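Two complexes come next, and they have one chain in common, chain A, joined by chain B in the first and chain C in the second.
Then we have the complex of A and B:
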């Protein structure tokens, strides 16, 4: 059994979120939802994290930040896009400075829709992400890395969210 | 100091090697559970610290430089040596200095990377050591004055109960314990509630196996630090042995309570409080003890 599914440490990054989703992410830590009962800890440190929670869409300025956080996280890792902004760009999709969802920059494993995503949905998303983590640990580790590289090439064509989403969804099924 | 290795010593050292991390892990798990309950949460499973460490061992090894891994391993080894020396009943001063060496290796591990967070953590760790080291030495001096020996085996096997004549020193040990256990308000160098001004302090740049080694060495350290409390109660009798263990449990609960009741202080404040309280309590204690001894009252 992969122990990584029993102790997922999370790093939360706010892309260009309206803070609605961020508040919901933090609400998961409160006594009401208490994600620590699943061993989930909100670390502020990519080097300790297993799950990358991103809220809000990607804009020109935070592309390097998101990439850097992603690259600093040791394998196995999963990316959970929280909220419709992180999934596809949401209401900000057509803004001049918005690239779209997180999957335009890094491979996303789980999409949590909602505006704002409810804490229950976020917890559900992280738990789904744990399944992916377990699979990555079990042997699809290499495949995931290769696909991440492919994705890196596709990053050049920003905005084609549908294509990128397809790639990421494929990966989820691997 | 003669160093005769007896079978009892080997058994105690092996027991500490094997049981140390088991007990330490359970203590850490129970700590997290009680903390969660104090905050009105359900809390993680008792074995959560074990899952965390197993997970860290499974992670991809990422190190910023070769030196770091070496320093972390040295810290773990010196921590184990400290505990072994303590539990086989060796000289208390030796134990204290090996403990300091272990702490220094952690600081070196943090300094070996250029991350501002771990550098800041390392600085604070050094300041903290400066704050509590005099008190730790006075604790050893006090125990010597009451028991007439620096050897742990002599201290626990006979003589008067140390906690009454050493009340001031005992209070300063509780203070030092809060710092050494890295409990709030003194979790300056390695915040165990992350996501704050210093990220994870000294461990910010340390991940995977090395972080697991640090966790395990904390388990060893906590067992040793809690075992130290026993010295204040032991006189060789079973009754006081039981009282000592109850005292350890009560004190640890007190530490959890303090942890949850206080926000982190600045290092200046931690430094001042530590020197004032520990040096006044143990200094006065040692002086009073000295005069009492002079007139043969103890």
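Then we have the complex of A and C:
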């Protein structure tokens, strides 16, 4: 957790949702919850960010935006899907324009449940994400995944494949 | 006068507690009605599957063959719809939250073996809060659905049946139930406008 001492900065993006989780993320930054006391700053620049907080589901229009923010973030980086829409699509899952959760576009490291996700849950999720970030920094994240149960391995490999396809589709666009 | 105003604020800031909740150090206490996560009492569950059909996000899966009830925690929006529609009132919305995780958590509950049926029969009587379930028939698993001659073949029972076990033919004036498919949930008995259905 040595990495955590270096003030992780977050970037927040709200996809297509009711904005409930969006407001809860901002509530974390108010004096009531005050995540800035841990050195966490909500930055507007992906190149300064370590943690990508995504709220809301993915639709056709915001796929390139999410991919671009993700690709602009320097390694190591962590994606935290906040709220049920971001984790699985929620009530918008079956909409014609909705892809589902964020993990359909970019690999997600931590899922934060809740509709809307509570500020406490978001803080817990970011703290969990920082653990993953520390492991990624140390370069033993893969080892940690292999040690875990089968389900986790499946999720990780799924994330990698979506990343590859994401890059592939980007090349096609270019 | 301005000094008095700012002095009040300064004194208040000196002696009042800080506005910050200091969350990870001091754990948050949730109110009783907080919608945290769905919990189930498997002893009372009859695996009728109404909860999984009504769930707006398809988070609940009921497997009648394997006798399991499972919920995808990262898909449930805590709307309490399943709690409201459950005919046996075996679902509850607890105030504690599912903790964030690196995987999509799926919680599966297995139905215990039969001796639990006695506990299921006595629980509505002991708790006064579940007056609705106490008033509704609490049939055992081997009860059968019966219709008497006051039936007007309105088909409401067939429409309400969660498993489609009831067939009503208005033309031929016949009413039949598939006893193998029937889950004995009692929804049809409550829905019947002529009170001509009975689980016994």
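Just so it is clear, the second predicted complex is superposed on the first by the 134 of 174 C-alpha atoms of A that agree within 3 Å, B and C clash if a C-alpha of one lies under 4 Å from a C-alpha of the other, contacts with A are read in each partner's own complex, and residues count from 1 in each chain.
As a working rule, a contact is a pair of C-beta atoms (placed from the backbone, for glycine too) under 8 Å apart; a residue touches a chain by one contact, two chains touch by 3 or more.
Bear in mind that the values here come from a model prediction, so they are computed numbers and not experimental data.
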{"item": "Partner chain in contact with A:71 - chain B first, chain C second, else both or neither", "value": "neither"}
{"item": "Contacts of A:87 with chain B and chain C, given as first, second, both or neither", "value": "second"}
{"item": "Partner chain in contact with A:50 - chain B first, chain C second, else both or neither", "value": "first"}
{"item": "Which of chain B and chain C A:132 touches, first, second, both or neither", "value": "second"}
{"item": "Partner touching more residues of chain A, whether chain B or chain C", "value": "C"}
{"item": "Touching partner for A:6 - first (chain B), second (chain C), both, neither", "value": "first"}
{"item": "Touching partner for A:39 - first (chain B), second (chain C), both, neither", "value": "first"}
{"item": "First (chain B), second (chain C), both or neither touched by A:60", "value": "neither"}
{"item": "Shared chain A contacts, counted only where both chain B and chain C touch the same residue", "value": "31, 34, 37"}
{"item": "Of chain A, residues touching chain C in the complex", "value": "31-34, 37, 80, 84, 87-91, 93, 109-115, 118-121, 123-125, 127-128, 132, 151-152, 155"}
{"item": "Residue numbers on chain A that touch chain B, as the complex places them", "value": "2-4, 6-7, 31, 34, 36-39, 41-45, 47-48, 50, 74-76, 137"}
{"item": "Contacting residues of chain C [partner chain A, same complex]", "value": "19-21, 23-24, 28, 56-58, 72-79, 97-105"}
{"item": "For the chain B and chain A complex, residues of the former touching the latter", "value": "32, 36, 39-45, 48, 51-52, 54-55, 57-62, 194-196, 199-200, 203-208, 211"}
